[in-house]
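Heads up, there are several structures right after this.
In the two complexes below, subunit A is the common chain; its partner is subunit B in one and subunit C in the other.
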Partner chain A sequence: MYSRFYLSVLLISGLLVLAYLGFTAYDSFMPEWMSYQFEYRDYLTKNAKDDAAKKLARALPLEFTQVYLGEMNKVDRCTNCHMGVENPLMENTRLPYKKHSGNYLVNHPVDKFGCTVCHEGQGSATNTKEAHGKGHDTHWDTPILPLAYVQSSCAQCHDTNMLSKSGGDKVAKGEALFMEKGCKGCHKLKGVGGDLGKPLDKVGRQPIAYFTMKHIVGEHTVFNWLKQHFDDPRAIAPDSAMKVKLGEGEADLLTTYMLTLRPDEKPKSYRRINFNEPPVQNGETLYKSYCSACHGDGKKSLYDEVFKRTVPAIMNPSLLKVMDDTNLDKILKEGRTGTQMTAWKKTAAGLTDEQIKEIVTYMAANRPADRPEPFRLAEFKGDLSHGKEVYDLRCAVCHGTNGKGGEDMLGVSLRSKVVQKMIDPEVLAITVRDGRADTPMPAFGSDPFGMSKQDIADVVAYIKDFQSGGGK
Partner chain B sequence: MKKLKYMVTAVVSVFLLSAGIHSELRAENKGQVNKGEQIYNTRCMVCHGKKGDGEGPAGVLKKEEAGGRVLEIRPRDFTLGLYRFRTTATGCLPTDEDLTTTIYNGIPRSFMPPLKEMHFDDKVAVMEYIKTFSSRFKDDPPCNPIAIKKPNWVGSEASVNKGKVIYKDMKCWECHGDTGKGDGSKSNEIKDDWGFQILPFNFQTGELKKGSSPENIYMTFTSGLDGTGMPSYEDTLKEDDRWHLVSYTLKLMGKLDKGKKVH
Partner chain C sequence: MNETDQTGLSKFAGNVKGLANTFIGSVFRNGKPTSDKTRASAVFNNFFLHIQGVKTHINTLRPSYTLGLGLITFFLLVIVVASGVFLMVYYNPSVENAYQSVKNINQVVFAGKVSRNVHKWAGEGMIVFLFLHMARVFFTGSYKAGREFNWVVGIVLLVLTFALNLSGYLLPWDQLSYWALVIVANIMQSPKELTDSLGLTKYFDVGTYTGNLFLGGSIPTKESLNRVYLFHVMVLPMVIYVVVGLHFWRIRKDGGMTKPDLFNTKASDMGIMVQPKKSGGIFPTHKTYGLMELARGKTPAVDKDVENTVMSWPNLLIAELAVLMFTLAGTLIYSYYMDAPLKEFANPLIPENPAKAPWYFLGLQELLSYSAFMGGTGLPGLALLGLALIPYLDREQDNVGVWFTSKMGKRIALESMVISIIVIIAMLAFAVNFGWLRNWFPEIPQLVITFVNPGTIWVGFMMLWSLCTIRRTGSTRMGAMALFVMFLVSYLILTYFATDMRGPNWDFYWSKSQWPIH
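Here is the complex of A and B:
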C-alpha cells in the first residue's frame, strides 16, 4: 500500500504540527509584553547618560508585574507593557512605554490607583487586544476609553466644582451643557426631569447590550453610541424624538458627562467629593434646564415635525397678558395630557413647588403692564349649535374638526385638560377675540373676521362642551 | 317665400338661443366667482389674505424640521399668478385641474389642508375666484399639460445608479446636499421670487409638497417649481435622464427600501 501521495500528506502535516509547536513555545517564552520590556530596556541602555545609569538599565529585570488594589478589588497588569508611565526619561518616546501625559500621576501614583480606574479596559489581561477590551470577541463591556472621554472617570472621586478648576474641565463643561440644553426636560436624573426620554441615572455604566448598536459606525461601544446619538439621534435610533442643537465639540463634552453617570461608588478613601449642596437654580436656569429644549425662548409658536404638533409660545407677551400666574402654575404642575408636556409637580417630574414658582416668576417678567379688556362672558348665553357652525367655519382649519390639533395642524389641542378644565372660559373668549400675537392665531373679534361677541360666546360654549362629549 | 320666412326664423332663433346660452354661461361664471369669493373668505382668507396676497391674519407660519432647521412657511401670494405645482411647461399658467388638484389634496408639510370633503362645484368656484387675483389668467394664453408615460424600469438599481451620476453632474447637491438632506453648500443662499429665503427639500423629512409619486417627481423636474430656485430640466435633461433622476430621488427618500411600496 505504498503511495507517494499519502506519504507527502503525512510529511506536510507532520511539518505543520512541528511549526505550530515551535510557534507556541516561542509565544509562551516571548509573550507580547516581554518584547516591549526588551525594547524598553534597550531604549534605556542606549540613552543612558553615564555608565552608572547604563549599568542600572542593563540590570533591569524582565518580569511580570501587577498592581493589586484590594479596596477596589482590581488587579491591573497594564504596566507590563506601559513600563515608562512614571519615568520622566520616557517623555518623548512612543507608546506603549511612553510617560503618562500631564501631571495626573503625581497625585494618582500607579501603585495606589492602577490604570483601569480611569482608563477602563480589562486590567488583568496580558495582551493588548484583551487588555484594551476592544472588539466584540473580547466580551468586555468597558473597553479602554478614548482620550476625548477619559475625564469622565475623574467624576468618580471628584466633584464638578473641583474638576472645573483642575484637570477635569470637560466634565464641568459637559454638565453645564446638560443643564443649559434642557436635557432634563425629557430625561430624569435622580428622579427629577421629564418622562419623554429614558432616565439617565446609570447610562454611563450600562452594558453594551442595553443600546441598539445596529446603526453605529465603527466599534460597538457605549461611548460611540452616545457620541453618534448626540450627532444625529434619528440616524442611530430611527424612532427617537430627541432634539439636539449642538455646536462644535459639544457632543464630545456631553458624551463625557453621560459617562460620569454611573451607579458604582469608589471606596471612601479614594473619594474627594465635596458634599456641599449643589448651587440653587434660579428661574432662568430652571427654565433652560426643563423647558427650553421644546419651547426655545418661548416667544414664537412653532410646529414641530418630530412631535407632530405645534409647540406653544409660552413666554409670548400676548399669552401672558391673558394668563395669570395661578393659571401658569396649574399648567406647569399638571402638564397637558395627550401632548408631550409633562406634569412637573413633585410627584410626577419632581420639581418642588418653589422651583415651579421660580419658573412662573421668570416667565411672568415678560407680561405687559396693561390688562386685556374684559369680555364679560358671563353676560352671554352660549348657543351650542351656532357655536358649532362658527367653529367649523373658523376654527376647524387649524384645530381640526375634532379639536384635537395634532399632526400637520397649526392649532393646539382644544380638548386638553388645560383648555377644558384649568383655564377660565373668560380667558378663552379673550383669546378668540384678540388672537395671539406672533402666532398664527388671528384676532377673530376684528377685521377681516369681525365675529360678534355673541359668536365668540357661542364658539367658546361649543369648545367647552367637548369635555361633556360635545363635538365630533 | 314661405320657405325663406322659415329659414329666417330658424336662423334668428338659433342665433338668439346661442346668445342666450352664452350670456347664461357668463352669468354662471360670475355666479361661480361670487360663490368662490364666499368660500375663499371663510376657508382660505385666514392664511392667503383678503386680497390674495398671501398676507392673511395668520401671518408667517413656522415649523421646525426633525434636523432642527426652522422653516418659514409663507402662504402663496396669488397676485403674481406664479404657481409651483403645475403640469405645464415652465413660465406657463397652471391648468384649472392643477389648481383644483392642489385644493383637493392640500400641500403636505405646509399646513395647507386637503379639502376632500368639499363639493366639486365649490372647488371649481374657489379656483375661479383665485384666478381673478392675477391678470395673467386673462392675458396669457393657456398651456397644454405635459404628457407623462412612466417607463417600467424606474426604481431599478441600474436606473438609481444612473440617477446618482446625474445628481452629481447636474449639481443637485449644491442645494439638496450630498445625501439629500437639503444641506448643500448653497442651501442657505436661495431666495424665492418674492425675495424671501427658502430652504431646499430635505429628502429625509417626509413627503414632497407636490406629492411623492414617481410621476409627480418627474413632473417637478420637467415643469420646474416656478418662483423658487428649482428650475425646469425639460431642455437640459433628456426624458430618460429625468426618469433616472426620479429613481435616485425615490432612493434618497427611502421609498425603494425593502418593504416600502412606491405609490
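Here is the complex of A and C:
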C-alpha cells in the first residue's frame, strides 16, 4: 500500500543509522583503556592475599582518570592504561599496568609530576598510538622518549653535578663528551661557540619539521635524527661539514645531552638546581672545547677532507717559537678571514678575554725556551719586483698566485687580516727562513732552497704589499 | 449538590482520561489524516509542513528526476547545525585553548570524535551536493519559467556554503587550518596585483580591505580567530537560514518543481506513492480542490496536471523522511570510518609545504599560481556572475523539466565535456612543461600576465565555444549547456589536479605518492 521504494530506503537507512549510533556509543563506553582497567582489576582480585583485599580489589572503580598539572598547563591521562605504576604489587606484571622501575616515583609522585614531564608523548591522548605519539600520522612533535634517552628529561630540573651522582649519569657523560669533543668549536650554545655549524640552543625541542628527515632510517623523530647524524653526518645532511669521532655508545650519550637543550623552563617549584657556579674551565679544557675539533692536538698540521684545506699546527714548537703571546692572542681574537677560523673575541664567538688568555697560556706551555735567531728585517730594504719573482717561484705553489690560499691549497691565506696587519713582518721573515716543522712549510733559508736574506726580505715586502693592492 | 459534585468529578475524570487525545488534538487540529480533506489540512495547518503544497506532482516524487539532491543538501545543513551546537559546548575560541579543546573533543568527549567528523564531512558534503543539485537544476532546465530569481538565490547559497566551510577551517588552530588560511588571505588580497600594476594601491587598496575584514590583519592571528568564529557560528548561519527559507518559499511561489509538459504516469510510479483513496471526503470524487486551487498563479493544481498529483500526506513526507534517513546514514557511516584531520599546533614559523587552501578552493589556487588577481578575484567573480546570469541570457521556455532538454542537448553536453577535458588537460600540460610568459620574457609587465594566462585563456575559450554553439545550433539553451558543462569539468579537473599533482613548492608530480619526503 505505501510507497515501496521510499519505505525500503527509510527502513534500510534507519537500521544503518541505529547500528552506527550503536557502534559510536560502544566506542565511547568501551575505549581502549577500559580493557586494561578490566585486566588490572582481575589481576588484583586474583592475587589478593586475603578476603578483605579481594573485596577491595573487586570494588575498584573502573573510571576515567587524569593528572592535571596546573602549573605546567598539562594534563596526563596515561594512568588510564598504566594503572599500576605506583602499586608495589604490580612489580612483575606486564605493561601497561606494570609498576614503574627503580625508585624514581618516590621523589616524583605521579600526582605531582604526571608522566610526560619525563617520558614525553601526548599526555592528553586516550589511545596507545596517539599517547605515544609515534608515527607521522599522529602529528605530534614530542613522541615518547626511548629509554636510552629518557635521562635527558632529568636535566630540566636537576643540574649536572647532581645528575652525575644519582641516576643521571648519561646526561653528565654526554655533557662531558660535548665539551671534550670540541663541539663548540663550530656550534654556538648560549651565545658562545664557533659559527660553522648551527646554534644548538633549543635543539632538543625543535619541531620535527625543522629537520631534514629524508635520509632517516625508521621513525622520523628528532632523537633518531640526532643519533643517526652522529653516526654519519653526511648520510643525513649531505652538505654537512661536521667531524665526528665517537666511540661505542657515545652517539647515544651525545644525543641524550642534545635532548636536554630545551627552550621551556619548568616552574620553580619543580626545579632542584643548586645554582652552583659552573665548573671553571682551564686552558686545557677550553682548548678541547673550542679548538680541538679542527686542530686536534695541535702538534701536526692536518689536511681536512671536508674543508679541503690544511689546518695549521698551532701548538707546533717551531710556530710557538716565532709567535709570541701577543700574536697568538690577536689571531684567537680576530680569527682568520678566508678560512674556517672564526674570531673568538667576546663580541663574535663569545669567549671572554680571560678565557682566551687561558688558552694562549695553555698553548704557550709548549714553547721552546730558545728564541729563534733574529732576522733583523729592518736592516733590509725589500724590492717588490724581485719579491714577486721569488713569490711566484717558491710560494705560489701552495699559497696561490694571488696569495689567497684556500680550497685545495696546502698553504694558508696570506691576504688575511692577521698576516697583513697583526703579525710582525719579522715573524713572517723568520717563518720563511726556518719553515714550520711537521707542516708542509719548508725552511726556505736553508738547502735545498737556499734563499738569501735579501730574497726573503723582498718576498716579505711583496706579501705585505698585498694589503695596499699589490700582487693581483 | 452531591449530584453536581459527581458530575463535576466525572467530567474531570473524563478530561484526565482524554488528556492525551485532547492534547494531541490541540496540537494537530485536524484529526487523523484518513481522508483527503484531513490529509490536506495535516499539511497546510502545520507550521513546518505548510511550506509544501497540499498536493504533490508525481514527477516530483520520482527519484530519477530530483535525485533528492536539494533535500540532501538541506538535511546536511540540519546535521551540520545540530553537530555544530554540540561542538560549541566544548570548543574554546582562543589561540591558547582552541587546539587543545579540539583535541579534547577527539579524546574524551562522549562520541566527540564522531560528532566532529560528522560536522566536518556534512559541511563539506554540502558543497558536493550543492554542486550536484545545481547541475540537476541546470540540466533539467529548472531555472526557467518563473524560477529565474530562485536560481540566483541558489548561487547566493553556494557562496554562503563556501564561506561557512572556510570559516570553520581555521577554528582548530592547527598547522593545516593556519596555513590554509594564509593562502585564503592571499586569495582575498589578490586584487592587489591589479591595483599594483595600475598604480592604484595607494588610493584604493581593496585587496587589503577584504583581507582585513575577514582576518583582522594580513595573516591569521588571535584577532582572526575571534572574527572567524563569530562569522562561523553566528553571522553566516543566520544569513543562510533566511536565504534557505527564501529559497524554499520561492519554490512554492514559483510553481513547485518543474515537470515536463507531456507527462504520463508509468507503472513504476506505483512504487513511489500511495494509491489515492477517494473516500470519506466532503468533495465529490471526480473533482479535487485544494486550498491553493483558489489562489492566483501557477499552482500545481490549477493547471492541466491535476490528475497527476497525489496528496502530499503521506506521499511526499515519506519520501522526505527517507531522504533524511539516507543522508543521516551516509554521513554517519562516512564519519565513523574517516577522521577529520588535525595536525600539529599552528606554528607561524613552519610553513606547510605545500601550503594548500581547503580542497574546494584548490582550483582557484591553481589559477592563482598563474595570476593572483585573476585566480583570486577575476575568474571566480566572472564564474559566479556568469552562473547567476544564465537564466537571464537563456530565455528559451520549451522542454522545461526534461533532462538535457532534447537529444541535441545530450549531444552538446557530451561534446562539451570531451572538448573541455582535452583542452584543459592540454593547457595544464603546457603550463607545467613550458611555463608561461614570465619564463620567456622576464621583463614583461605584470598587467600582461594578469590578462593573458592559462586561466584567462581557458575562460575565454569557454565563452567562445559557448557562443559558437549558440550560432551553430541557433539555441541559447545549448550555449548555456556547453558553458555549464565546461565550468563543471574545469572545477573538477582543476581541483583534482591541484589536490594531488601539485606537491612541495607547487611543483608538478604525477601523484601524491611521489612527493619528496621532507
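One rule holds for everything that comes next: the second predicted complex is superposed on the first by the 446 of 472 C-alpha atoms of A that agree within 3 Å, B and C clash if a C-alpha of one lies under 4 Å from a C-alpha of the other, contacts with A are read in each partner's own complex, and residues count from 1 in each chain.
Just so it is clear, contacts are C-beta pairs under 8 Å (C-beta built on N, C-alpha and C of every residue); 3 or more make two chains touch, one makes a residue touch a chain.
Keep in mind it's a predicted model, so treat the numbers as computed, not measured.
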First (subunit B), second (subunit C), both or neither touched by A:G14: second
Touched partner set for A:R272, first subunit B, second subunit C, both or neither: neither
Touched subunit A residues, subunit B compared with subunit C: C
Which of subunit B and subunit C A:K198 touches, first, second, both or neither: neither
A:Y6 touches, of subunit B and subunit C: first, second, both or neither? second
Touching partner for A:R58 - first (subunit B), second (subunit C), both, neither: neither
A:F449 touches, of subunit B and subunit C: first, second, both or neither? first
Sites on subunit A touched by subunit C in the complex: 1-7, 9-10, 12-14, 16-17, 20-21, 23-25, 27-28, 64, 77, 124-126, 130, 139-141, 207, 209-210, 212-214
Footprint of subunit A on subunit B - complex, ascending: 41-43, 45-47, 50, 56-59, 61-66, 68, 70, 108-109, 111, 113, 205-206
Footprint of subunit A on subunit C - complex, ascending: 61, 63, 100, 103-104, 107-108, 110-111, 114, 174-175, 271-275, 314-315, 318-319, 321-323, 325-326, 328-329, 332-333, 336, 342-344, 347, 350, 516-518
In the complex, subunit A residues that touch subunit B: 234, 243-245, 300-306, 393-394, 397-398, 408-410, 435, 440-443, 448-449
